[in-house]
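In structure tokens below, several structures.
Each of the next two complexes has subunit A plus one other chain: subunit B in the first, subunit C in the second.
And then the complex of A and B:
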């Protein structure tokens, strides 16, 4: 079956080969495993970019294939990051606390240890009690489960309510924006239990690997991100091909027709919405240990809008388009906003790209929408057609 | 012949406008029926009610030998019960191939997981080819539906309905925008289909109805005005007054 699937979807094979080649290249150029041409922080940037590509692929499935313009998928990405961040922070703080208590004459009681950890983590928001949502934070396994379960459940409940009431189009987009805004505002509160606007930090320190250098950790996370992107791509390529793909594209193009064919459209939308939310969360769980910090600003409504812009620029309705869009725009964005782009002196005014990048992005988005509705990925269509 | 669908005493009001007014109509197991009537007579609303898109204010819609009420059911449930609907404008999935369009419509389990795990089988392929043959698109299976001519799209949509294996087929103005030859072929397809199931055609065009050569129901202001053969209803004075009168006077 795999053979025929690859044979019918040659772009999947091309993509996986390109990803493998890229991974190999970065591995050979990195500090830990290669000739140290790429700095550790750049390897982290690349690894994070792969995670962004993964959520972009998910976004493409929900929007480009199923026609649901969700402007809230970054909420799931962030929740995934928070879920893994809780374990990272807890376990890391536990190590530090145990070290500092080790010198005492009497061994510390579990209560003392727990209080000390609570103090360390929540002192910044004036508390030392563990909120109930941290109940599983000491278990990596349970917290990994939360990476999938919490965003999955949120998507399931939200989607069920929204799709059952037949909320579609721009109303659904607004609703998803409201969801991510509400979540972000909630997390900004100090008593949300996730350290308010401080967020979770120190996530780049992996408990149990205190002696491992960041160079090694960065390349391992890069590999993990590449693997996740490869598997996610394969998974979604499988979903959007075949009959499932027919039905969800049908929902995008003519929902009523699909309904009168006897398909329960709401179940399909819910399926696609939830499965893409879960994959977004996995992408987030890989992203934030590389970023080192997560705070509620990450899931502000604008983040999900960027996601839609990446997919639109890359080309909707083609998975590789989403990858190209996310990689291209997010790397370009860090180049422009990181001060990499030279300022443009106009005599009377100097264009500082840190300020003007968003304007440029906005214009590019408008231009792509008007002149290249198929995005960058659409250029491949022309290549293929020329060959044929 | 036993009754397949019985609509009785149905009324529906939109913003004070009574689109359907105490409508009662029934269809037998395998029959071809034409519903005619002037604009605003409630033809499309009638279809909306039967297919679950519109909920009536009062009345009953009873289906099949087990006398199931269709009123509480969703569109997809009603479709699964065996009622297929063709829209006025041809609605096929334009960026998918003819084969994909038919495959989607083919009667098979409709749940997301069975669809996800769906595998192409020879039986399904044979069913698709048989339907394509019936609608005259056998050599077009690989084409993208968007490339088809208007008439071919209409047939594809009828083919998709047949693929659902419905017991009742509701067809809204199938001949609109068709050439004379296309109309003839459409008539043939519908008459063939009506041998094994009930086919209800809503039509504006009297010539087309004449060619269908079947029992005719005339709707007017949301209820049945007359019923019988085309000759019978066209000789009815009220029908002439409200509908034909304008053209034939």
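And then the complex of A and C:
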């Protein structure tokens, strides 16, 4: 089965090999091995980019294959980040609090410990009580479960409501956008239980590995991200290649016809929507420990729209296109906005790319939509076709 | 004393020739001792004479005296005002020499005297010929109401020439006599007079009459004006009730976890506390046991158990007494306050309705252009918000060149329409035309335009907010009473929304263009075969929708700041409005804007501290609403609704 699947989809093998080679190369050149050609912060950027590639792949499946333009997948990404961030922050604060309480005359009671942790975490929003959503924050296992369960459940309920009443097309896009807007506005409140606009911070410090250097931690997370991307890619490639993939693509091309053929369209859409949400959440859970901080601004509607932009530029309907788009645009974006790009003097005016990059991105995006609807990935198609 | 003062006051309103012959210095010399060493009692004589003299320079003297600037020259006993090194004659106000501290004795009135001087000053000011001074004096009384101000204020009412100020004085005197009137009857009468007034200061006066003090006792005391009896656990948190008991020395203080911990640490002997090893005291239960052991040995006070607490609470009565002993007065005040508050509640409801209406008209203005492009053409324009922003910046630029605000707004409105109409037509020609059959890609392409335009605006105008100043005649607010008020800008926006509603209905239903637009909407192919050029119609429709967004931008810019991100703030709400209202129908947009406007204000009213929560709940409501009416409030029927 596996052999025939790989044989039918040579691009999957190519992609996995490229990913493995890339991972190996980055590892060798990182500070962890001593060669230190790539700085730790750059390894983190690459690791984060891999996570973005993973959510882009998920986005490609839900949009490029199933035709649902979701403008809310970054909400799931953020929720995954928050779920893992809660444990990271709790466990890390617990270590600090236990250290500071150790020197006291009486050994601390569990309540005193939890009060002190609450005070540390929620002091910035003027509270010290643990909100109920932090009930599982002390357990890594349960919180990892939350990474999958919370976004999965949200996607399931939202998708069920939306697909059941046959909300499609642009309406669905706007509805998903409203969902992520509502979520980010809710999280912006101080009494949301997740520290309002302060968000969760210090996530790069992994509890239990205080003595391990960030160089090593960054490489471990890089591997984890690469592994997740590889597995996610394999999983989605498998889903979209079989009979189910044909149904999904059928829904994209003509939903009514697939329904008349006897398929329960809503179930397929709900499945795709939920499973991509879960994968997005996993990507988020890997992303934010590398970013170190998460706040509600991360899940503002604009982020999800950028996600769609990456996939569109990379090329919809082909998984490697999504990976290329996400990696290309996000790395290019950080190059331009980080001041890496040289300014262009025009004599009367100097183009500073930090100011003009978004203008360039906006217009090139329009150009891609108009002239290269297949995106960068479409170029590969031409190459392959010419060879054949 | 006050009576005499008042008599003098009425006199000094009309100039008095005979006393004016006297100089200020003469009066001061007759009371030289009282001026130099004023006491709370002796100062009255000086003040009486000063008031009686009616001298205008008396005010300056009183102010200087209050501010401790009056000095006596030891050589001849004359009084002067000393400011830094200058010695100033009190009658003429001229600088007559240098202040030499060795030769001068300063008058240092104490706090009580200074207050008396201040009161005398108020009397001067209340009848001052200069209306601004009189007004200032009345405002000073309104800020800090005191019993002593009542009589001078009442006395000054009769001589007041300015009708507005007279009304203010009468009103203020009413409030003062409600609080400080001489007899219960006058106070009750004054309170009853206040009953119709919704203003905040009247409510404050009544609340001050009704201030209460919490008390606790075993039985209700006689002869106290009791406001209400509280039941612990229902009206009063049990912990608060118990701490009240502790404060009244009726119960032993609670020993909380911190106190237990401190007591345990205090009594550590070697490795144990009360026979328990220290290391085992890491739970509350273990600590309680150790503490109980200490208590048994008599080392610490015994723990207050929940039972003791409940018995203590049950055996006492908690109640609030009015600080005002006369029950008739408090009853009258309470009745007046209740009457006012029910009126205030009603007014607030009306005010909320007006707020909601103005919010709805803003949403309507922002969404109507979108309703045309989205509803009529099925095109999602994510750059719609940026057209709003463009319109607002057009208004800003016009104001840079035309300083007259009325004229500049009149120029800005059509110009904003022209600019965004042009931008809309260009966008339709260059981009949207090629994507008509790919609605999702239109969404993305217009989003690309949106981020580019936003960044362009940021590059051109900077990130700081730019003002769009409204003409002076739009400043201020239409005030119905102390609660209901609506600013003229909001009224203008409301009127503008109405005009646009009428205009768009007229264009769509009564003109050739509207007929063609409707034909193209319903069936482009058939319309084309009837000789209508669908390309042209689409272009014009898109231009029209964008142009209206530009005008909305000017309107929104008038009451909110103009920033490059202002469009993004409205885009999601605008889409909501269109989707909730029902696509392709002007009335639907109106219904959607009203629903969202009223809903948002309603939720804000339920939870006023938290507008973020209001928006969150509103979006959740809309998501649910779409479940039940997926086609919006005013659903399209027939073939046009097919997709």
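Going forward, the second predicted complex is superposed on the first by the 387 of 388 C-alpha atoms of A that agree within 3 Å, B and C clash if a C-alpha of one lies under 4 Å from a C-alpha of the other, contacts with A are read in each partner's own complex, and residues count from 1 in each chain.
Everything that follows uses one rule, which is that a residue touches a chain if its C-beta (ideal position, glycine included) is under 8 Å from a C-beta of that chain, and two chains touch if they have at least 3 such contacts.
Since this is a predicted model, take the numbers as computed values, not measurements.
Colleague: Who wins on subunit A residues touched, subunit B or subunit C?
Modeller: Of subunit B and subunit C, more residues of subunit A lie in contact with C.
Colleague: Going by the contact rule set out at the top, does A:264 touch subunit B (first), subunit C (second), both, or neither?
Modeller: first
Colleague: Check the residue A:363 against both partner chains and state whether it touches subunit B (first), subunit C (second), both, or neither.
Modeller: The answer is second: A:363 touches subunit C but not subunit B.
Colleague: Pick one for A:250: touches subunit B only (first), subunit C only (second), both, or neither.
Modeller: first
Colleague: Just checking: does A:145 make contact with subunit B only, subunit C only, both, or neither of them? Give me first, second, both or neither.
Modeller: In the superposed model, A:145 contacts neither subunit B nor subunit C.
Colleague: Could you say whether A:17 touches subunit B, subunit C, both of them, or neither, answering first, second, both or neither?
Modeller: neither
Colleague: For A:175, using the defined touch cut-off, is the partner it touches subunit B, subunit C, both, or neither? Pick first, second, both or neither.
Modeller: A:175 contacts subunit C only, not subunit B.
Colleague: Who does A:308 touch here: subunit B (first), subunit C (second), both, or neither?
Modeller: So A:308 only meets subunit C here.
Colleague: What residues on subunit A touch subunit C, complex-wise?
Modeller: Going through subunit A, the ones touching subunit C are 69, 105-111, 158, 161-162, 164-167, 169-171, 173-175, 177-179, 181-182, 185-186, 188-189, 301-302, 305, 308-309, 312, 355-359, 361-366, 369-370, 373.
Colleague: If you look only at subunit C, which of its residues touch subunit A in the complex?
Modeller: 257, 261, 264-265, 268, 278-279, 281-284, 287, 380, 431, 434-435, 438-441, 443-445, 447-456, 458-459, 568, 572, 575-576, 579, 610, 612-613, 615-616, 619-620, 622-624, 626-628, 630
Colleague: Flag every residue of subunit A that touches subunit B in the complex, lowest number first.
Modeller: So the residues of subunit A in touch with subunit B come to 239, 242-244, 246-247, 249-250, 253-254, 256-265, 267-268, 271.
Colleague: What part of subunit B is in contact with subunit A in the complex they form?
Modeller: For this pair, the touching residues of subunit B are 51, 53, 74-77, 79-80, 84-85, 87, 91-96, 100, 103-105, 110-112, 115-116, 118, 160, 164.
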